[in-house]
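Each of the two complexes below includes subunit A, the first together with subunit B, the second together with subunit C.
For the complex of A and B:
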């Protein structure tokens, strides 16, 4: 009962947040709606027993990525000039008819392809029995430190590279580029 | 109610909205938001198949690495966006056409 309520709430939060990210015109609001959608995904993780992943999702996305996005929005907002305030006035915010037509066409084609896959899943897995959820943290830790140790180390090197790269790319240059 | 089909449908809707954001928006930061939605959809798929198909935790590991890669991608992408804004005073995607002609 509780799990079903959590699942419904998370699904509504996820889908509503994603739709609002598509729909809203203000980039700031769009970031906040993305935060709602990511919270919903964390709830969906919690519904199927991925407790460590739910916590990681909350910490990394809500604490890191969305804040980073909001910082970038504010840094590129410009002080005082309304032209580039959120990059909105130059673009009528959501593109024109042509881009909407292309997006709709792509969505239709992609949904036709994927619904062909989804339909078979709905038929074959209609009556799955939910197994009991158990804690995954210790097993995940063991797996990360034994079987997937190489990928773990490589991802740490990747994070270091991304850190240094982001600092190098975005540091202010002294000379003037015209 | 909680089944593989519903999880796949949710992740499908997330993926489609990410694609629409990437195509219909002309703002570079908004396109990065779309990429985040798409990465979340794929991670959700991995976890759902782990739960409903087999219970070894490899899908969880894969989702963890997807989250790590999303964080790295957001950092580097936003660094590029800020540098682009310093050069061009704009974050409109059509202003990034130096290599086009």
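For the complex of A and C:
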């Protein structure tokens, strides 16, 4: 009962947020809707008992990524004037009814084909039993430090590269006086 | 089941009596219903109490600043002016709610609520006492860090949507400051998690005792430094002086909430004061023994043994003692926060970033490594127990 309610709320939040991200014309607003959608995803993680993953989702996305996106959008000048000097809208619509219809049809057909392929996998997969409040942190930590140490190291090298790159880009260039 | 306010109350006979009575009355198992009602009431109590504490925080701030500057402070409304915050609240509610014409209305309205939600969501895991906490999540402290980061989004959106240069600068400073100082704070929290061996707030507190030498503050030198790192980072995260650049009065009028009036401004202010309480509470739970009372008085076992009290009454007395312990320490830290605000001058932006990235973050990482080495080298013993054990060995007691 409680898990179902939580799942429904999270699913509505995720899908509604995602739809709003796409449909809103203001880039800033779509960042805010993205925040709602990411919260919904955190709720979905919580539904399946992945408490650590849910909290990580909050810390990384709500705290870091969304603020950085907001910063980036703000520095590009926002979408305050999307009318050019001839009075025409700079941002044209992405398509018309015909293209939307074709795209929707294609998406439905493709997803049906994929679902047909995946159906056997889902059917054989037994439903995971949700054990109440079992800590996942220790298991995750053990797995990360033993079986998946390579992935862990690769991602840390990637992050180090990003850090060095950011430092190199943002460093003031020395003027050569000779 | 994790221990919450419901599991605590479920130990009493009255609780099961109420459940049985309701089950008979409505015809199905009323266990979840009663649990839900208890949770609802407890949440209301926590939110109401914390809103009052936030309100009284503004009063305390004004009274303490007046003390430090040899003034009187508010002294008209009620005895010693203690009802001033109610008068302020009424004023804010009655004020006209202005939304600037060129403001981005959607985000302008949303921003104060994001701040409020971020702060109030953290209250779910604040450990008031061993029996009175709303939820003891497995990832409690991590959840708290994640929820508190919503405040940064609120601050930034508030600054951006006002469409004013002062607000914009304040919001940008606020957001960059909050995400920067989250790093030393979180790394310091991780070093304490290392000592306790768990992310649940109850695990963190149970690793400590009631007496100061059992606190993580005095567990080892690294934790001792870590406390100050965390406290400084927490000051910066809550935008308190000397890190109140986002609302620097002398340069930015009032920073990110310049354009806000009435209760929307009130929500920002309330969120700030409650967040100060929350981070003080977290510092208490991590370093200062949390709700622990010396000599295990909190469990109430000694009252049953010596005074012959009923077990549940003894437990309740223990809970009250624990609440007293937690609130005393937290308010002491709250006082220090206000005291610091009215003592130190404000930092510049570059000094702020230098302090975070060149000093606090390396120190925090060093502390993390130090704690890990300490746990490995001394088998997780605190410095106090090491000294006294060696003293016992020298004295010949084995």
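Observations on the structure shown:
In this section, the second predicted complex is superposed on the first by the 117 of 178 C-alpha atoms of A that agree within 3 Å, B and C clash if a C-alpha of one lies under 4 Å from a C-alpha of the other, contacts with A are read in each partner's own complex, and residues count from 1 in each chain.
In this section, a residue touches a chain if its C-beta (ideal position, glycine included) is under 8 Å from a C-beta of that chain, and two chains touch if they have at least 3 such contacts.
Source: prediction; values computed, not measured.
In the superposed pair of complexes, A:74 makes contact with subunit C only, with no contact to subunit B.
In the superposed pair of complexes, A:32 makes contact with subunit C only, with no contact to subunit B. Looking at the shared chain after the overlay, A:136 reaches both subunit B and subunit C.
In the superposed model, A:52 lies in contact with both subunit B and subunit C.
By the touch criterion defined above, A:62 lies against subunit C but remains apart from subunit B after alignment on the C-alpha atoms of chain A.
If you count the residues of subunit A touched by subunit B and by subunit C, you find the higher number for B.
Once the two complexes are laid over each other on the shared chain, residue contacts for A:109 go to neither subunit B nor subunit C. When both complexes are aligned on chain A by C-alpha atoms, subunit A residues 52, 56-57, 64, 68, 71, 136 touch subunit B in the first and subunit C in the second. On the side of subunit A, the complex with subunit C involves touching residues 1-2, 26, 28-29, 32, 35, 51-52, 54-59, 62-64, 66-68, 70-71, 74, 132-137.
Interface residues of subunit B, counted against subunit A in their complex, comprise 1-10, 12-21, 23-30, 32-34, 36-37, 40, 43-44, 47-48, 50-52, 55, 57-58, 60-61, 63-65, 67-76, 78-83, 85-87, 89-92. The touching residues of subunit A, counted against subunit B in their complex, run 3-4, 7-8, 11, 14-15, 18-19, 21-22, 27, 30-31, 34, 37-38, 41, 44-45, 47-50, 52-53, 56-57, 60-61, 64-65, 68-69, 71-73, 75-76, 78, 84, 86-88, 90-91, 94-95, 99-100, 102-103, 106-107, 110-111, 114, 118, 121-122, 125-126, 128, 130-131, 136, 139-140, 143-144, 148, 151, 155, 158-159, 161-163, 165-167, 169-170, 172, 177.
The part of subunit C that touches subunit A in the complex is made up of residues 1-2, 32, 104, 106-107, 110, 137-139, 142-143, 145-147, 149-150, 152-153, 156-157, 160-161, 172, 175, 178-179, 182, 186, 198-200.
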